[in-house]
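Each in structure tokens, the structures are laid out below.
Each of the two complexes below includes subunit A, the first together with subunit B, the second together with subunit C.
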Partner chain A sequence: MKESLIAEFRSIVGKENVLTSSEALKAYSYDGTTNWIREPDVVVFPTTASQVSAVLKIANKEKIPVTPRGGGTNVSGGSVPWLGGVALVMTKMNKIVRIDKENLTATVEPGVVLQDLTLRIAKDRLFFPPDPQSFLGATLGGIISENGGGPACVKYGVTKQYILGIEVVLPTGEIVNLGGRTLKNVVGYDLLHIFISAEGTLGVITKAELKLLPIPPVKKTIMAVYDDVAAAGESVYRVLENGVIPDKIELLDNWVINRIEEMMPIGLPKDADAVLLFECDGISEAVAKESEQIAETTKKYGAREVRIAKDDEDAAKYWMARKAGFAAVYGKAKTVFAEDVTVPRGKIPDLINKCKELAKKYDVEIIVLGHAGDGNLHPAILTDINNKDHYDRSVKAMHEIIEGAVELGGVLSGEHGIGLEKQKFFDKVTDPVVVNMMKGIKSLLDPNNIMNPGKIWD
Partner chain B sequence: MKESLIAEFRSIVGKENVLTSSEALKAYSYDGTTNWIREPDVVVFPTTASQVSAVLKIANKEKIPVTPRGGGTNVSGGSVPWLGGVALVMTKMNKIVRIDKENLTATVEPGVVLQDLTLRIAKDRLFFPPDPQSFLGATLGGIISENGGGPACVKYGVTKQYILGIEVVLPTGEIVNLGGRTLKNVVGYDLLHIFISAEGTLGVITKAELKLLPIPPVKKTIMAVYDDVAAAGESVYRVLENGVIPDKIELLDNWVINRIEEMMPIGLPKDADAVLLFECDGISEAVAKESEQIAETTKKYGAREVRIAKDDEDAAKYWMARKAGFAAVYGKAKTVFAEDVTVPRGKIPDLINKCKELAKKYDVEIIVLGHAGDGNLHPAILTDINNKDHYDRSVKAMHEIIEGAVELGGVLSGEHGIGLEKQKFFDKVTDPVVVNMMKGIKSLLDPNNIMNPGKIWD
Partner chain C sequence: MKDLSELKKVEQYADQCMKCGFCSFFCPVYQEERIETGVARGKNYLAKLIIKGEQEFTPEMGEILGKCLLCKRCVANCPSKTQIDRVVVAARAQMVKEKGLGFIKGFVFRRAMANRKAMGRYARLMQTFQWLLPKTEGKVRHLPDFIKSLGGRNFPALARTFLREQVKTVYPAVGPRKMTVAFFMGCATDFVYPELGLSLISFLTRRGVEVRVPKEQNCCGAAILFSGDFATARFLADENVKALKDVDYVVTACGTCSSTLKDYKKYLAGNEDEEKRYGELESRVKDATEFIIDVLKVKPEELTLKKEFEGKTATWHDPCHLIRYQNIKEQPRAILKGLKGLTYAEMPNADLCCGMGGSFSVYHYDITKKIAAKKMEGIKATGADIVVTACPGCMINLLDNVLLNKMPQKVYHLLELVE
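Let's turn to the complex of A and B:
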């Protein structure tokens, strides 16, 4: 990149907000995984929307790639500056601008970390329901751009259902507001949703209006233990079918249970094929009744044992275990494929059985865990890119998991996005007419293809 | 329209499904109001997506306007064939294709009437939360195309939150599927939402996958009576702020209360300035607790009296009254302006006071009623287009109500859409850059501007 351009960026955002050292370029070259590494030419930290606008105007004129980035916790390559250019790091735009208790909304800048928001609004007994498990580092701009999910989506839905409006800087530098501050809003086409889950390829979100909810007074955690992971899968939809909507339903298989017990023994049943973790929330009477119903239903459909957490501390242990289970998957091998497939809930047992078959067929271990309550599983395969034979078999198995999910009426990504990771599958499973519509919108809004180029499709 | 084209339509959908009689053209010339009347050249009833595709291919080639239409219950002119051409009436595509109890979803054709769906899925103890009050005639295709709302949106949100996927025929005749059958789905741009609330200007929805919920076991209705309508407005957000989310919060002012008592006396307080009707749903213990909390909060913030419906029959009377209240507004004058403004909930008292001021300023009666729980009010002005002086004053007052709502951080339409009614306001309040983005998407998908032309913008 020309030194004169870097000087222009310095004059826009200030000298201290432009980095070009090799350490800085390295630091912003990868995402929450290290599966893809590509250095930007320059790292820019804007602090206002008009600075973002000025940077984009230059980039658009000079046709320089711009990859927006929040906490960099994403796992499908979305924030990796794949074609170099500017890494536009939004973490300094991290103000909680307003909490409107009367309207149950918050106005935030994109660099606000989810956990910081959670702690701040808890003082007003409010919460933001989407709960991607990267909440300690993930920022709202990224969560919106990836339409983040998490365990609590079973009851509360995904990020897009809690975004009322955004301020966004278009690739051409115009600053526009889409949506608004009200839930009901039918004023022309719903452009807001085009930017949610666009993975930063259409513009840079510089402010967002979030819908909040009152914190439920009581939560209760229930664990159901199974000798057959597919039976656990069936219990998921039997509980829902029976009229109970817990806020979370998570599945951990035998492998995950045992890794957790190695790391932090909390008395999980090491011989179980799987456990389901449920959480109910609401007023205490409702939660008590729902817990009973969950215990009944899960026993009826094959749980050999049901435990109800005796207090909040006990419950916290289970959820810590679940979080550790996820971490264990990533820590246990040189190369990890952690899928993000999602199927209609009734098809969870089929998907689990498919994983079992493929494990045998390709002689690899396939771990099953994830947000079973909304059909969103993260089957994982541990392999090593340097062990060609094992790696190739793992790749084949993973491909068939994705194809299997799509055949079952599901999708190839529930909450992680396409990014770099899923491009070849995206092309394979998406109707070319639909891809062309998406590409048409991309050309319309970003004629010079400067925003996060190289992502979603090639 | 050339007779040869009509013959082509007949060969596609069958002779019995093409109407050209003057009665038929008249019957499909207006919407749920009679504010806009324009006859189509031909009325076509497709029964399959491929028939829709064949009709659109011809229309696209011949550049003939096509206005899709369901039950025709909309109130902003959306389904009026403003530039003639084809009225594409979807009411014969009215099959409920599948009810998936395991996945809590239903697959429906666009002509299914909401009430028919409600009755059918109630057999499986399921419901579709959005509840536009035109449910006896409104069809799912139209509800999706207008992103319909209703009273229950306070707790459950609007239509778009319950649409997982659609099959849509593009103006060029291609049949595509957008979204899918799962809640979590991040596979490229969210094109699904562009079609939701596009008012039929981008394509024809031929199938939809709906998210359903289990029917809550118990409901309870609470009425709070006020001597000051603005205090009622304040109670709305005080109740929510206090952590209770009823499924409905409706506001009726003194005029509406008295019209109801004339039509069907049920003992509403005729001297009250306003009443709020709340409905809570859930398990009985939760509903009992929430009702108490509502009674406490409303009394604290100015309710002079609170009544709790003693049983379901009693509750039904209140809700029948509310429905009659709406009907009364339309029945009481030759010309009715019924607004659809929406403001952040904390601004409801300001909006109500603004209506009071404008009533004085222009010497017209402004009735206030609507879905106060989500800030969506329908202030109404009764006038007569033949009384020029009164009509002009009414128009001015209505314009200022809309401007006032926008100034308060709200929007000009919460659930009725722009259609023909709000075009001039749409242009006035919408950023031209945003309008251009919308027009760009329109040109991209409908290059010959055949789909419902003349709507949203001019």
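Let's turn to the complex of A and C:
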């Protein structure tokens, strides 16, 4: 990159907010994935929307790629600067601008880390329902751009349901406000939602208006134990069908249970084929009633044992275990394909059976650990990129999982986005007319293709 | 072939990182700068590139490796338990091997500290000129230099007489002897807080412990070891192993010293003989806090609070070298909660590093102050009158920042509270 451009960036954001050392470029070459690595030519930390605008105007004129980056925790290659250029790092725009207790909203800058927001608004007994499990590192800009969601989406839904408005800088430099601060808003096309899950390819989010909810006073955790993982899958929709909507339903399979028990023995049933963890929240009478009903329904549909957590501490143990599950998967293999396929809830048992079949067919380990409550199962294949034969079989198995999920009426990605990781499937599973609509929107907003180029489609 | 032996030893730890980025939430340095090279994930990634031959020990790399408090907050909260502290220390050691000692700035005392006499002389010099300096409060004065290097901060006065000039070699147990321990002084206790050493000795002898103070003991070598100068650190380790023989336990009032003495094996052992000798020492080292509760089994309620602390509220600061290096968390709290006449108030961020990080604060005093400011918020929130800890290193930094923030709290070592 031309030295004169770097000098211009320096004059916009200040000297300390432009990094060019080879070490810094390397440190911004990766994200939460293992395989996608590319260095930017320069790292720029804006601190205001007008700085972002000034940087984008130059980039647009010079046709330099710009890749926005939040916490760099996404697992699809989304914030890797694939074609070099500017890594636009939003971590220094991390102010919580306002908390409006009357309207239950918060205004935040994009670099606010979710956990910082959670801790701050908890003081006002409020919470932001989308709960991606990367909350310690993920920023709201990244979460909006990936439309993140976590366990609690069974009851509360995902990020897009909690974004009232955003301020966004277009690739051509205009600063626009979309949406607003009201719950209802039908003024023309809903452009706001195009930016949610756009993976940083349409513009840079510089502010967001979030919808919050009051923290429910009581929570209860229930664990149901199964001898057959597919039966666990069935229980998920049986519980919902019976009129109870827990805020979370998570599934751990036998492999994960055993790894957790090795790491931190908390008394999970090691011989079980799977366990489901439910959490209900709300006012105490409702929660008590719902827990009973979950116990009843799960027993009726194949749970061999149901445990209700004694107290918050006991409950925390189960959720710690769920969290450790992720580390367990990653800690056990050189390369992990963490799939993000999502199927309609009624098809969970079919997807699980499909995974079992494929594990046999290709002789690979396929682990199921995921947000069962929303059909987002995260089947993971453990392999090693250096073991060619095993790796090739794993790739085949992964392809078939995705095809299988789509056949079942599901989608390729529930929450991680396409980025680089899922590109090879994107065209296959997306209607060409739809792809063309997306490309049309992209070229309208970003005529020079500078925003996070190389992502979503080839 | 490039020598990568030190890094190779820790490659397995570096490989554990799955790049989740969770450490960013806990790393005090990242929290201030919000730059990836400052966080465990970034340092670890760059260290791995060095192993692969894709990154050199450039001055910038030296900076990055230097900007780590070794506070282990990242390790304690890492889902895959990546031991970034070991990776950073090994990378520093590799760098020292390749580039020589001069390359890493920030270790002013390396030479002086390895030679206890020289260190003493240097400190003595400082003391001699102390009267020239403006007196700020009580025992605190501004020293230029220990001076410049410490950034013109508030620094406790050096003792008139160092501890080792006052101690005898053996203090017999009062009453029947239960056991014999060696008292390990540590530099800060020796030069700055000699009374602390004397009160520990008296505390122990009154409880049936014979205390020996081997004259040949040296600096624990923390600053040297963590700077990556393993050769000098090994020299100190060997000296201390020799000096601290033939006792049941080795006890110290400094959290950093106890943790360093326990970690010689982990960081420095290069052969079986060293593994054996360092491991043997490790098994006998006890921090004073754990020694009192776990070995002597003193009941906290039976301890007597010094008069001057009657009716006061105390809060506890967890030194990194106690809570995360040695897993000592409950023992000091038990003592504080048990002391009659004292009220205990837990601060919200008790386990947050104070920002000192040994020589880190010499070169990054601005960051140190910002980290400490967060600590100060925690202290203020408790409404405590006194801040108690058990590491003289933390004491020095807490004291400086309490003054900088114009707070009324005084800083004490836990042992200073008890008769």
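In the analysis below, the second predicted complex is superposed on the first by the 458 of 458 C-alpha atoms of A that agree within 3 Å, B and C clash if a C-alpha of one lies under 4 Å from a C-alpha of the other, contacts with A are read in each partner's own complex, and residues count from 1 in each chain.
Heads up, the rule we're going with is that a residue touches a chain if its C-beta (ideal position, glycine included) is under 8 Å from a C-beta of that chain, and two chains touch if they have at least 3 such contacts.
Values in this document were obtained by computation on a predicted structure and should not be read as measured data.
Peer 1: Of the two partners subunit B and subunit C, indicate the one touching more residues belonging to subunit A.
Peer 2: Here the partner covering more residues of subunit A is B.
Peer 1: With both complexes overlaid on chain A, does A:182 touch subunit B (first), subunit C (second), both or neither?
Peer 2: A:182 contacts subunit B only, not subunit C.
Peer 1: Which partner does A:21 reach: the first (subunit B), the second (subunit C), both, or neither?
Peer 2: second
Peer 1: Who does A:96 touch here: subunit B (first), subunit C (second), both, or neither?
Peer 2: Neither subunit B nor subunit C is touched by A:96.
Peer 1: Look at A:286 in the shared chain and tell me whether it touches subunit B only, subunit C only, both, or neither; answer first, second, both or neither.
Peer 2: first
Peer 1: Which partner does A:346 contact after superposing on A: first (subunit B), second (subunit C), both, neither?
Peer 2: It touches subunit B, and subunit C stays clear.
Peer 1: Does subunit B (first) or subunit C (second) touch A:5, or do both, or does neither?
Peer 2: A:5: touches no partner chain.
Peer 1: When the two structures are overlaid on chain A, which partner does A:415 contact: first (subunit B), second (subunit C), both, or neither?
Peer 2: First partner only, subunit B.
Peer 1: Which bits of subunit A are touching subunit C when the two form their complex?
Peer 2: 19, 21-24, 26-28, 30-34, 45, 71-73, 89, 91-92, 94, 111, 113, 115, 134, 136-138, 323-324, 326-327, 330-331
Peer 1: Which residues, counting only subunit B, touch subunit A once they are in their complex?
Peer 2: Residues 100-105, 125, 146-147, 149, 153, 157-158, 160-161, 170, 174, 176-178, 180-194, 196-198, 202, 213-215, 217, 237, 240-245, 282-283, 285-286, 289-290, 342-347, 371, 374-376, 409-418, 422, 426, 429-431, 433-435, 437-438, 440-442, 444-445, 456-457 of subunit B touch subunit A in their complex.
Peer 1: Using the touch definition up top, name the residues of subunit C that touch subunit A in the complex.
Peer 2: Residue positions touching the partner: 16, 18-22, 24-26, 34-37, 42, 45-46, 49, 55, 58, 60-61, 64, 77, 79-80.
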